[in-house]
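Structures given as structure tokens follow.
Across the two complexes that follow, chain A remains constant while its partner is chain B and subsequently chain C.
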Partner chain A sequence: MVRLIAKSPSEGILPFEVNGLTLVELDVGPITSVAPFDGQAVAASDRLRALAGMELPKPNRSSGREGARAVWSGAGQAMVLGVAVDAAMRQHAALTDQSDAWAVFRLEGQGVEDVLARLTPLDLNPGVFKRGHVARSLLGHMSALFLRVSGEAFEIMVFRSMARTAVHEIEVAMKAVAARKALA
Partner chain B sequence: MRIKCPLCGDRDQREFTYMGHETYLDRPADEGWSPAWDTYLHLRDNPAGVTRDLWYHGAGCTSWLLVERDTTTHDILRVDLARDAKRGRG
Partner chain C sequence: MRIEGKGRIDAAEQIRFSFDGQRYTGFKGDTLASALLANGVRLMGRSFKYHRPRGVLTAGAEEPNALMEVGRGAAKVPNVRATVQEVYAGLEAHSQNRMGPLAYDLLSVNDLFPNFLSAGFYYKTFMWPRAFWERLYEPVIRRAAGLGALSGRHNPDHYEKAFAHCDILVIGSGPTGLMAALTAALGGADVILAEETNEFGGRLLSEDEEIDGQPGADWVGGILAALRETGRVRLMSRTTVTGAYDQGTYGALERVGLHVNGPAELPKECFWRIHARQAVLAAGALERPLAFPMNDRPGIMMASAVRSYLHRYGVVAGRKVTLFATNDDAHRTAVDLMACGIDVAGVVDSRPDAKALGDYPLYAGGEVIGTKGRKALSEITIRHNGAEQKIATDCLGMSGGWNPTLHMTCHMNGRPVWNEEITGFVPAPDAVPGLTPAGACQGTYSTAGCLAEGVEAAKRALTALGGKLPEMEIPQASDAVGGSKPLWLVKGKGRAWLDFANDVTSKDIKLAAQEAFTSVEHMKRYTTQGMAPDQGKNSNIGALAILADATGRAIPETGTTTYRPPYVPVSIAAIGAGAQGQGFAPERFTTSHDASVDRGAPMVPAGLWYRPSYFPRPGETTWRQACDREVTMTRNAVGVCDVSTLGKIDIQGPDAAAFLDFVYTNMFSTLKVGKVRYGLMLREDGHVMDDGTTARLGESHYVMTTTTAAAGEVMKHLDFVQQCHRPDLNVRFISVTEQWAQFSVVGPKSRELLNGLLDAPIDNESFPYMGCGDVSVMGVQGRLFRISFSGEHAYEIAVPARYGDALYRQLVTQAETLGGGAYGMEALNVMRIEKGFITHSEIDGRVTCFDIGMDRMVSAKKMCVGKPAAQREGLKGKHRQQLIGLKPVGAVKELTAGAHLFETDAAPTRVNDLGYVTSVAFSPTLGHFIGLGFLQDGPNRVGDVVKLVDHLRGVETRVEICSPVFIDPEGERLRG
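Here is the complex of A and B:
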């Protein structure tokens, strides 16, 4: 039988480091979109808590923890990362397996907001955008999902087909921020 | 210009797409041709002042929004989810 070799979205171009900031690719495991049916949001959230120990997150928020997380991803939709979603959820929500559809990065280091400020119109000030906060917005010209996982680290999700462009955009921004710091 | 999305909060205009006047929320009930369809498709005012139109938050929560704004000052006066506005009209 032919054995296919799985390649991650950013195989061969990550990780790298620029002036203390690091960009690495994450393998978060299964990714499932959960979209509760009309009027079923509470029932879906209760069921997810019973099955996976996390509720469906409110807009702009996440729930759970690293390795088993639910991330709000739009109107009436959340992505569950790291754990498979039991088919019992289908009673309350539309489920779609999106495990191979996303590229997930972790950008970390002091001044990480300065890099992202060059790419997204979001206000990522630590006083406004706190740990566990989530936003869907733009990274350059592409749709992206931002999650703050600590004071100095973000997880960024983009569509898999955009992975190489996203890495390039973030790399250019990291180098530009480093260059500005070198001048100061 | 910034629009305060009811779900996402205060966001930059580049995340949104203009989708036309709020007339599009009131589709004529009849399936045949009638003057109501002509009005629905083509007749628009061009106000200097307050107007209400639909915007799509494509780079955010992907909701359609009903935005009340002032064309002379660029003030955004009110933003609702189009879904809620439509349900409110029955």
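Here is the complex of A and C:
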């Protein structure tokens, strides 16, 4: 029988490199939004720890590590990336499959903050926005989620439907930063 | 003329550029103005109104005269200040606001009639006949008076916007700014130092002055090295801070690629939004011009500019220089020029007790009362000791003292304060929260004072941040303050210009006062003083001093006009960077986008989304042909359409049902699991907000759909309702619009099509009308909803978005084998109008449930948002315009949406308006046009004939009122 072929949000337009900076699409596996019900935040967090060894993150923070991560994504809400959240958690939190809703990028390289400074009003100075820090903000005109995963790398999540615009805008910023560097 | 060995230009790097088609050579580091002066070009433009020949007045951003068009073709930029633009290889500049060559501007005829062109002339003269203003007077006047022209095409150059963050922003890099930045950085703060020009150092680069025994420029180099060493200072040259905004946000314009012939990716400019916890304003001061008769000829410039051209660019603007001053500073110009062997023909100082600083003729207590030279200065006339005397000169430097550059402190409504000691305005204390002015912009004119104040201001900022205060040593420097005595106007024959950029003279100011425009704000608008690109930087204080004199008031009593951002002209290209063309908004693409484009569908915007309008087939020449075919095809066989753009909201929790009962007018707690119900929600004011279907997937799990346009609005509404009205309800919701690719499969063969793809076939029992549930489609877990927006037997099938492209292609291919195919927005719209289903064309925010005939959907058994407000008087009754259907009477070609409805015998005027048409379509099913609209007491007028009038499109016709449901009113097809 014919099977349906899966396509990633940025199929065919990533990855690319500009002057040592790279933009790649990540397949982070399942993405589940977890929103604990009234009075269930601790129980939900305990359940997640038992399942994947990480707690539900505090506002603007993430927990876990690459491959199994939870990122804060709004008031009373987190996204669990990379691990399937089990049904036993359902009694504590609203679980919603978001695996196909997001395009996830990794922007990496020296001066990555300079590129992002053209796209988001967030203060991403390393002393302010440290590894593991998370923020919901704007990427251009798009709602996005930013996560610093290392000194020179960020993961950026945008709505799947906006992947092309996001990639285009990041590329324009990468090229502009590269052109400036060439000038100096 | 270039002085060898002087200036900071790179004499090793020659640069060729052109001005008005003439080729010239400059050096790296030159501005357009300095390079032209070095080439002996003094005539650089024509004045705004009188088209008088003008040369460069200043050496900085405040330049009012030397405005040029730079670049060519679509990328041409007008009103570029030659004093700011640096030369680069291939630079093309043109003079502007002229008719014919610059030297023989035909419009200079205006200068022969200055009495006719004084302030207020246009208002008084061109009043009658009234119609002439728009058609004749204004175009002619605009042609004659003005600035440079835009190309009229899209500028292809790249511009950008960016954000920056710091603890302390230091604005200006003269002695004050450098000391402030160093203190702040040593105190542990992250600092941004913004400098307007290409080099840090401010006036220290324009003067022959020592600090700590070193030449000023060398000292600057040492401080810059120290700043870099701290690793805490971001040095931003070519960056002008343009405005102070709320909560420590500052706008700044950086000239990134305007000084090079760079690659296309290199932005020309960057508009920064800098967020600073504290800021130090070290913007310095601008020299005050003197108002004396005929003070505007090319060759007359600011004395400080003469020094800037000499020390920064190694250029002198003349061979026989004179000076007219009210202070000691200007005398330094004479000393510096003589040191280079330039002939100084005299210094005229209005102060009787002035002392010469060198061996040059000094006319203490003298005044310049006239000048000569049509295209460039050749002679001045002075009055000294009661006698008049002529002096031959080709360059006159003038100085009336200094005005603190305090503009930024007024951006949040602060009013400057008069300081009698310096006879100038200084910033009001704490005019901008977190911004500390220091140095010359605060009225401190000595270099020593500036150095000390820079340190103090930074310490104040550090204290506010709770940081440590470093031990700072204040460098040794001159404590001379210039000793300026004010001289506002030199009396004599001829016009004395105040605002060079807008051609405003002292007479204009007096005329304004005489005609009762005595408030400084009225004077400004009457004379246009201060309204040119330089925003009165050179003329404001002089003008208001003359206004004060003319109205018998003191200067502080007269006050200043309001300094607003931006401090310098900012190109729209920079402010709107990234927003040209498609950059205006993000584009949202459905998973079926490529497949639709492959089939030749024109994509039309629906909010941020793009959806296929129709799918043309060979032989079809108009959209209507495709649309009619798609409707017929769908109603007779099967059609497929991507409906993923509709908002989808996942709602879970023990109180999910109660929450929906509160949000929707109708009941959802009674909905059975596995069923879908149409719902209507109201705003708090009782008007219809949105509609859609909501499916119950589990006991405490629903998925709501919204219209495409209102998806964000509804999400916001739900958040508001939960947080503010019903925090007691234990419910969570999140958008899943992006998670699911959802396609409607419509028509009598829809089930047949689906059963070809579903892993387990469905029938009318397992999936009855308004049923829903999980399905497996070609091995993928999906959801199926039996709902219809067309009146046909129809389904919506949803799969995770990654499979959207594949499923859509499968559905369309299968549909085609069944005699169907893809349909677009046009066909979708026709089918919903045929069925009488509403969209936001109908529920446009002004209609109630009653108006759309859904009053009974407001459940009497419960409370919901908007219910009480919907009961208000006036929102129900015969006077309301209510939803009706419209069909043509007789052979009518077209109905138009937006038309209004009138009684057939009534005049089609506002007072007789009975309603309006919201949606129209040609119905291929019925063979004629149909429409939906709202008519006063409409449902009771079915069968009546009214008049449809579209004043915009010139359509007038008769229509019959009918039920809004045109096909299958019993709904038999839906259940088939």
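Everything below uses one rule, namely that the second predicted complex is superposed on the first by the 184 of 184 C-alpha atoms of A that agree within 3 Å, B and C clash if a C-alpha of one lies under 4 Å from a C-alpha of the other, contacts with A are read in each partner's own complex, and residues count from 1 in each chain.
As a working rule, a contact is a pair of C-beta atoms (placed from the backbone, for glycine too) under 8 Å apart; a residue touches a chain by one contact, two chains touch by 3 or more.
Model, not experiment: these values are computed from the prediction.
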- request: Please name the chain, chain B or chain C, that touches the greater number of residues in chain A.
  value: C
Message: I'd like to know which partner A:Arg136 touches here: chain B for first, chain C for second, both or neither.
response: first
- prompt: For A:Arg164, is the partner it touches chain B (first), chain C (second), both, or none of the two (neither)?
  reply: second
Query: When the two structures are overlaid on chain A, which partner does A:Ala87 contact: first (chain B), second (chain C), both, or neither?
result: neither
- prompt: When the two structures are overlaid on chain A, which partner does A:Asn60 contact: first (chain B), second (chain C), both, or neither?
  reply: first
- request: Could you look at A:Lys175 and tell me whether it touches chain B, chain C, both or neither (first, second, both, neither)?
  value: second
- prompt: Now for A:Pro121: first (chain B), second (chain C), both, or neither, which partner does it touch?
  reply: both
- prompt: For A:Ala184, is the partner it touches chain B (first), chain C (second), both, or none of the two (neither)?
  reply: neither
Message: Taking the stated contact definition, name every residue in chain A that is touched by chain B in one complex and by chain C in the other, in rising order.
response: 121-123
- prompt: Hey, which residues of chain A end up touching chain B in the complex?
  reply: 59-60, 74-75, 121-123, 135-138, 143
Field: Interface residues, chain A side, partner chain C - complex
entry: 1-9, 33, 35, 37-38, 76-77, 93-102, 117-118, 120-123, 125, 127-128, 140-142, 159-162, 164-166, 169, 172-173, 175-176, 178-180, 182-183
Task: Going by the contact rule at the top, pick out the chain B residues touching chain A in the complex.
output: 7-12, 14-15, 58-63, 81
- request: Enumerate the contact residues on chain C facing chain A in the complex.
  value: 158, 160-165, 190, 256-257, 260, 262-263, 265-267, 273, 275, 578, 583, 585-591, 608-609, 650, 652-654, 730, 732-740, 777-780, 799-807, 810
